[in-house]
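Across the two complexes that follow, chain A remains constant while its partner is chain B and subsequently chain C.
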Partner chain A sequence: MDKQATDKPEDKDILLVFRHSPYGNALAREGLEAALACGAMGAKTSVLYINEGVWQLLEPQDSRAIDCKNQAAMASALPLYDVDAIWVDEDSLKQRCLTSADINAGKIIGTAHVQKLLATSKSILSF
Partner chain B sequence: MNFTLLILGPPYSTQASSSALRFARAALASGHSIYRLFFYHDGVHNASTQITAPQDESNLPQQWSELIEQHQLDSVVCIAAATRRGVLNEQEAKRLGKAGGNLSDGHEVSGLGQLVDASLNADRVITFG
Partner chain C sequence: MLLHTVNKSAFDNSALGDCLAVVSADDAVLLIENGVYGALSHSQSELAHIENIKQLNANGTRFYVLQADCEARGLDSTALLAAFKTTDDAGFVALAAEASAIQSWY
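Moving on to the complex of A and B:
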């Protein structure tokens, strides 16, 4: 399932790390809006879903009862904004009894790749 | 080193804003520079003039304004996040038919493009959330 993480990121690239669950506060939504803005401006952008953040990709999810926009549906817009590097932490999924079948996007990567991503990304925004 | 600080935490509720302020002071005192302060999410409340601290507590929004003034820092408050939370400059308040603006001195309201620019042009981005 592991896919090679970017080995040599260009000097100017941005990694957005999504660490919080989709609802309960606006971090997930506003983080995603920041990622879409990065993509829209042509920046080389990657996103990493880790810890509680993996719930943001859960499919199916229905947030109508709490009057919130569907976070997974919003995340599916990432490729439309040229954000194709969507990474998901394998351990975080396992700890929550989730598999690739439960999420609607992203490449699942192991701890070593997550570490490499964090170590080599020039700018990291954490939500 | 040239830093961008992304401030997501509101004043008083969490340590984030206070830590960011201390980090900014320490970085500047050590000869580093700050490319931009970007206030986003609940962090936009740090730019509200309406916040009033008790006499024996520090007024974080005022301290941010003083630091910005003292070092002529570039400080941007995300307009979408701020408008939702009732932090408006005079122009926006008038446009939206609100009683008056409440944006502290030293900040400007702008879009997420300023965060993207700041992320690309700073040596490091530090998130305080």
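Moving on to the complex of A and C:
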């Protein structure tokens, strides 16, 4: 981690890694809340959907019957909070036989790009 | 008849495979919560156990998914393997009542 980083949020370079499916536990919801908070504070925020996290991008989600907040609706607020860097791991999609047509947001990237993203982020929050 | 419930995704947990390895022809398997991802027909990953499910179903094992959990996750019923019937909470209770015991895989 870069010890020279200041305490000003706009100087921070934060990557949030979403590795879990949207319901079943609170990780995905808490990750999104953290991402929105980072964006609202003016931090340079990126989001990476990988492994089971790619399920979060499926639409349409209707979670009323399980009494949960709609994750897809929450995720659609990311650009409004200036979180525009949304990345999706290609291998994770392939393993689940999902394609770009199945997901509602994000740019699909390969392993090399994922590695670079992880390597260049000053802070990583994992959900 | 046993009711087997599976609540973990087949893509990051061995629960579904472990269940299918011991399930009998007169049992019922109900996928709930994140377990419903295991019912997708288009996934070719060996983690998804598609051939195994088809074989067991042909031999008599009944397979169900909880409708509300599919809807929440954006899984359309047309995307599910033909072996799976959708059910609701009342159907879950009926299966539980029919079963001599319930084995939860999680």
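One rule holds for everything that comes next: the second predicted complex is superposed on the first by the 116 of 127 C-alpha atoms of A that agree within 3 Å, B and C clash if a C-alpha of one lies under 4 Å from a C-alpha of the other, contacts with A are read in each partner's own complex, and residues count from 1 in each chain.
The rule we apply is simple: a residue touches a chain if its C-beta (ideal position, glycine included) is under 8 Å from a C-beta of that chain, and two chains touch if they have at least 3 such contacts.
Quantities reported herein were computed from a predicted structural model and do not represent experimental measurements.
Overlay on chain A: chain B and chain C fit together in the combined arrangement. In the superposed model, A:D91 makes contact with neither chain B nor chain C.
Contact with neither chain B nor chain C is seen for A:D82 once the two complexes are overlaid on the shared chain. For chain A, the partner that touches more of its residues is C, with chain B and chain C as the two candidates. By the touch criterion defined above, A:D62 reaches chain C but does not reach chain B. In the superposition on chain A, A:L27 contacts chain B only, with no contact to chain C.
With both structures placed on the common chain, the touch criterion links A:C38 to chain B but leaves chain C unconnected. Of the two partner chains placed by superposition, only chain C is touched by A:N51; chain B is not. Distance between chain B and chain C in the overlay is 15 Å (nearest C-alpha pair, rounded to whole angstrom). Of all the residues in chain C, the ones that touch chain A in their complex are 7, 9, 11-12, 33-34, 37, 40, 42-45, 47, 67-69, 71-75.
Chain contact summary for the complex, chain B toward chain A: residues 4, 6, 8, 40-42, 80-81, 111-113, 115-117, 119-120, 122, 124-125, 127, 129. Listed in rising order, the residues of chain A touching chain C in the complex are 21-24, 51-52, 55, 58-63, 65-66, 68, 72, 95-97. For chain A in complex with chain B, the residues that touch the partner chain are 12, 14, 26-27, 30, 33-34, 37-38, 41, 43, 123-127.
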